[in-house]
Amino acid sequence: MADYVYGPGRTHLFVPGPVNIPDPVIRAMSRNNEDYRSPAIPALTKTLLEDVKQIFKTTTGTPFMFPTTGTGAWESALTNTLSPGDRIVSFSLGQFSLLWIDQQQRLGFTVDVVESDWGYGADLAALETKLRTDSSHTIKAICIVHNETATGVTNDLHAVRKLLDAYRHPALLLVDGVSSICALDFRMDEWGVDVALTGSQKALSLPTGLGIVCASPKALEASKTAKSVRVFFDWKDYLKFYKMGTYWPYTPSIQLLYGLRAGLDLIFEEGLENVIKRHARLGAATRLAVEAWGLKNCTQKEENFSDTVTAVVVPAYIDSAEIVKHAWKRYNLSLGLGLNKVAGKVFRIGHLGNLNELQLLGCLSGVEMVLKDIGYPVKLGSGVAAAAAYLSNSTPLIPSRI
Amino acid sequence: MADYVYGPGRTHLFVPGPVNIPDPVIRAMSRNNEDYRSPAIPALTKTLLEDVKQIFKTTTGTPFMFPTTGTGAWESALTNTLSPGDRIVSFSLGQFSLLWIDQQQRLGFTVDVVESDWGYGADLAALETKLRTDSSHTIKAICIVHNETATGVTNDLHAVRKLLDAYRHPALLLVDGVSSICALDFRMDEWGVDVALTGSQKALSLPTGLGIVCASPKALEASKTAKSVRVFFDWKDYLKFYKMGTYWPYTPSIQLLYGLRAGLDLIFEEGLENVIKRHARLGAATRLAVEAWGLKNCTQKEENFSDTVTAVVVPAYIDSAEIVKHAWKRYNLSLGLGLNKVAGKVFRIGHLGNLNELQLLGCLSGVEMVLKDIGYPVKLGSGVAAAAAYLSNSTPLIPSRI
Amino acid sequence: MADYVYGPGRTHLFVPGPVNIPDPVIRAMSRNNEDYRSPAIPALTKTLLEDVKQIFKTTTGTPFMFPTTGTGAWESALTNTLSPGDRIVSFSLGQFSLLWIDQQQRLGFTVDVVESDWGYGADLAALETKLRTDSSHTIKAICIVHNETATGVTNDLHAVRKLLDAYRHPALLLVDGVSSICALDFRMDEWGVDVALTGSQKALSLPTGLGIVCASPKALEASKTAKSVRVFFDWKDYLKFYKMGTYWPYTPSIQLLYGLRAGLDLIFEEGLENVIKRHARLGAATRLAVEAWGLKNCTQKEENFSDTVTAVVVPAYIDSAEIVKHAWKRYNLSLGLGLNKVAGKVFRIGHLGNLNELQLLGCLSGVEMVLKDIGYPVKLGSGVAAAAAYLSNSTPLIPSRI
Amino acid sequence: MADYVYGPGRTHLFVPGPVNIPDPVIRAMSRNNEDYRSPAIPALTKTLLEDVKQIFKTTTGTPFMFPTTGTGAWESALTNTLSPGDRIVSFSLGQFSLLWIDQQQRLGFTVDVVESDWGYGADLAALETKLRTDSSHTIKAICIVHNETATGVTNDLHAVRKLLDAYRHPALLLVDGVSSICALDFRMDEWGVDVALTGSQKALSLPTGLGIVCASPKALEASKTAKSVRVFFDWKDYLKFYKMGTYWPYTPSIQLLYGLRAGLDLIFEEGLENVIKRHARLGAATRLAVEAWGLKNCTQKEENFSDTVTAVVVPAYIDSAEIVKHAWKRYNLSLGLGLNKVAGKVFRIGHLGNLNELQLLGCLSGVEMVLKDIGYPVKLGSGVAAAAAYLSNSTPLIPSRI
């Protein structure tokens, strides 16, 4: 069966998730089901649980691989560590932080929302004030999105940890790393993150279907007394099966397990630090292109620039949704829509996952043509030139080919 | 990458889930991710939501395709229709009904458990008593597993409906159809089922990852006032996106959507009624083999015989787990373990999903060899002969090849 | 198993064959073997033989799909129509015409070679002289490569036909369409081509393995008396099995048959004329980039510009092999080497097969970076800008997405 | 796209080629094209050429992997070692030896045909007579099919070698190992075979497309003076590219190279001797089933019994073609037709390639049902029982699972 709306050549997928799956992973997943109770699947799972810790940079954390999405992973992080009514400080700075806050509220927590204008990072000064005045430790958790996918804003998690430490505050630090982990610099242990989570369809470059949640010893301890109602997302069931060595309280996706194995193998072959550097390279190149086009980055401060997604602000006379539509209809290019408050105002270029320089330059040349077609006076080639000037100096040789 | 524990030839997968995936479905799923916000995915989703109703035999139901497993689908069925403390009548008759009851209790419902000995069907006389005495309608829902996978027991749903009608009882009828829907006779509308659910890795013959929940208008109505806390599994979010025509509140698995499309196409090409007849044929053949071997079916009454899984009782001097282990180690055959109360006492032959006569006969010949190897005095060929005698008379020609 | 020399992201394949295979074709080929004597394979083959004629633009031709490469297809074209010692006029203008001439000589024909400098088209004036002076019709065949892949030269087949007609010369016209058919304008019937051939790994965008040879009625007639020794490549055996309706004198590749079916379906969905226009578009864009870089096209005359491959001449101080090596090592970009007389002097950009605008622009941006890295004073973005200016004006909307 | 004539469940492929492809091989081949001139493909090819020698059991031979079928491999073996008019002794004992003889004659050799009745092995007594009387060494080659696929007859190659040695006859020994190599005991070096050949779709369990020809030093020497016309199949071109380290005179199938790599890896993981033992086991089991059914093996002498294919003779009142047709139409089972002299009289069970015990037993149970359906008074289960009795005693544990 062909794709539903076939266009010649390869679809250029540059939404910030789901992202491009490397061919070896697609191959590894192209397989029949297996009995998950045979010795093979536990043996495979064991290697995955061990190796997945590396992408969280944790040795003390306990990972859980839920058959779910990032939204489910959020729910698992919250319900396993908190009780109804618990006070949470949560940062609102874009569509995904908003959605998480909505979930926090619907799950019955008392959410103390710290607002930022869209395009700005989390307001840590406000957090500091709250921490300073919370000597009775009513704040049970800080919830923060490491990388807000809607605005291309990366928050400084280390700074959050330093504040918590400065005030010796015992609140749990819960981090949405959906569009950061395995692409941006993320250090669970070093930064004292209590629960970190991601989804398989982001930087891991797999299909949607695994919500990976990693819990610190402190978070595991909290889960013993947390009163939120949970069954499907309950860590306790997993822990029980971990101990038994069978690992799965219910049926996992055999294909995603083999896919994760293949995906991790590729990441380790490239080297996690090299993966992160590649994202930094592609992020920098993209921003140089945006600048060359005379457009603004939705992200307001350089310190928050995201290396996984760039939200580009278009002039008021252009509807950014038209850009996205036109890119797909004419150039087989998938860009990210502007969401909610920035709908119509920004379009997004996702540059995360298993992606290389020439793929990005193809995308940027496509964006240039779309901008021209849609009536923006872009100089064709300008963004590509700026990006290429940077990339040709910074792209290393492929190690296996030297 | 080879399979984790490679053996020559094809693995014979006869656990009652996850089941064999047809090659055209594996092919359809072997693909890159796509932007789920492009027009293609909603268009595809729309056909799936429409067509999936057919396997539930409903025209009035509303299906939800959650990125989850059967356990998640259970949770969605319960939390969307009930409020904490609500009284449920639930039947305990095997491992999977037990697990569902455990979930019901942990979600905070008042569960009125009706026990049956393992191997027996749901105790409908007990239900009748409860309904008769519940003139104040304290019972909010009846929860029943259509086909208990642990014991190979199929329950009579139509009889449940008739009891509810006889007593004009408004309780919702919630049905776990995980190992029945799309394989056994199941009629959502005709039998007045309020919520029916299944998982993709069972009779639909896909990988694990879709928990499909179908709600009657009455269940949808109930969801408006149900107070159980839910976010990820909330029908409300889906309904909102259905109205907007984008269909997905969070990222679906692109691969599973294409896989479901291909899987439904195969089911419709064969004809759902023919699929059900094929399961009846394979179920009957399996039971004849068991009888020929001189072994007992765990299912005690003919009316409860399951056409998707047969639980075979072994003599006391044999550990059924050894049978399963040996089958896998020597003959590349995956059989189902006995679970919980029947651990060591039964092994299970799953005969559901995309499977044909010769595959089953290969499995049965394998079981015979295992029984012999393990010390049971089976007459080699006896079960195969009994099954083949039945099958050769009842197997129709393949329509596309006539 | 990962690729042998893994690099992150997608490999950018721009050699003039083997070319990129569309994902739906890869999927269609991902399958087990089948009995080629069952009714299914002949039924499938029948549709292929009928439909493949369309890409040759013939209604009177008879196609043969040999399990071989282009080299084998050459051999089949020659040995089925000619006898040892027969005089052939053959044009030498690049590596592939040279190799064909070598084959012609080794097969025992008397080859009258018409030389052109590399970069020039076939010398039709010389042909005219030969035809004029051959009143006794000693010339039995004219052999010409439609598109010389080594130099990016497309020859004017229609002009050859007009010369043959002008002199009422009965010589057979044998055409290598390996890098032209299904990408360039090719008209077997209208141009009176007697044997045309191509390979599956070129514009058809399949794996290597099918050498497709199409014979005119006149060629079929000639095959009855041709005395060249042949068995594997003999049309007679195929014709016998065509009549029997089983089609295959020996085992075909089941996978390639399904792949060809899927590939033809995509070509017909796009429309053959649109496929040809797409190649014209990508060819023109590439040449504009080369010009913008200040480099020369190896092809000397505009009338011979090839829309499937562009051979780019590098300055004397650069070794073109270094460009190819560097592109692969640093940017995961596969370019074509300069072959034989132009080794070290040209590199080649293949722009044929299932390819779109943004893929090409990604490649062009890669070439720019390589040129810069290697020491050529290219203005980054210049070629991409020139190509994009042309493409943004000429690329149509994708019909299925309007 | 579904299979052309879809039937539920797995197709049971038991023709003696093309055979079942293991899933890891299908996965390895599910890939895009690559530049075959990049360093990756020569590096891969080098490992293949080295490793493929193992399946021929040769250390001194030189393998050639032609993009062709077994018929092409035949042609390559003959034309590279012989000159037109050369005298060959060739054994006629079934359809495939007949076809090879036909090719030998059409290629212009003087073929001295030694006939056997179909079902009997090569007449070595006749060979001995010829060798004894050929003191002038007019016989240039002995051509013999190791395993005649049409009748299930395996010839004694070692005996042929001993005769040649006894008479110190310098004739080349050319062996068709298409349905033997990698499945039966075959020893190129030890038995002094000069050219051995096979096809990828047979015991190697790949798609059709590689004709692998292995030449002894003596054969290579002969190729220097052999005058048969050849280009595509010429070893000389390969040897030239072997020396250059690029390996390919024309484009290979990238997919088949990766497939062969994966296939060899599986064979070596199992162990070639274990692969051969597995074939012996399945062959013996099949013959026991045939005997239990009261049917005759087409092979007349036990010493010629083939472990890769069994040709079963049906009673005169049954048309064996009906058995094959019915098996496919009703049970999704592909059996081999009787060919030429035994058309209508035998059907064939192919039991070669990547196949295991339960697959075979499924097939045998299917044959039983077909026999019954078609009117032969078979006792259902009888063949399966006989085969299983043998197999349960002889099947070893799977090493990776112990």
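To keep things simple, chains are lettered A, B, C and D as they appear, and every chain counts its residues starting from 1.
Just so it is clear, a residue touches a chain if its C-beta (ideal position, glycine included) is under 8 Å from a C-beta of that chain, and two chains touch if they have at least 3 such contacts.
Treat the numbers as computed from the prediction; the structure is a model and nothing was measured.
Farthest chain from chain B, judged by C-alpha centroids: C. Counting C-beta pairs in contact across B-D and across B-C shows that the higher total falls to B-D.
The geometric centre of chain B is 53 Å away from that of chain C, both derived from CA atoms.
Chain A and chain B have Cα centroids lying 34 Å from one another.
Note: centroid distance chain B to chain D, computed from Cα atoms, is 44 Å.
In chain C, the residues that reach two or more other chains under the touch definition are 1, 3, 5, 20, 23, 26-28, 30-32, 39, 262, 328, 401. If you check the complex, the residues on chain A that touch chain C are 1-3, 5-10, 12, 20, 22-24, 27, 30, 262, 265-266, 269-270, 275, 278, 328-333, 354-359, 361-363, 365-366, 368-369, 372-373, 379-382, 384-386, 388-389, 391-392, 395-398, 400-402. Contact residues of chain D toward chain A in the complex are 1, 23, 26-28, 30-32, 39, 401. By the touch criterion given at the top, residues 1, 3-5, 11, 13, 15, 17-21, 26-41, 43-44, 67-72, 74-75, 84, 102-103, 106-108, 199, 201, 207-209, 228-234, 249-256, 258, 261-262, 328, 334, 336-337 of chain A touch chain B in their complex.
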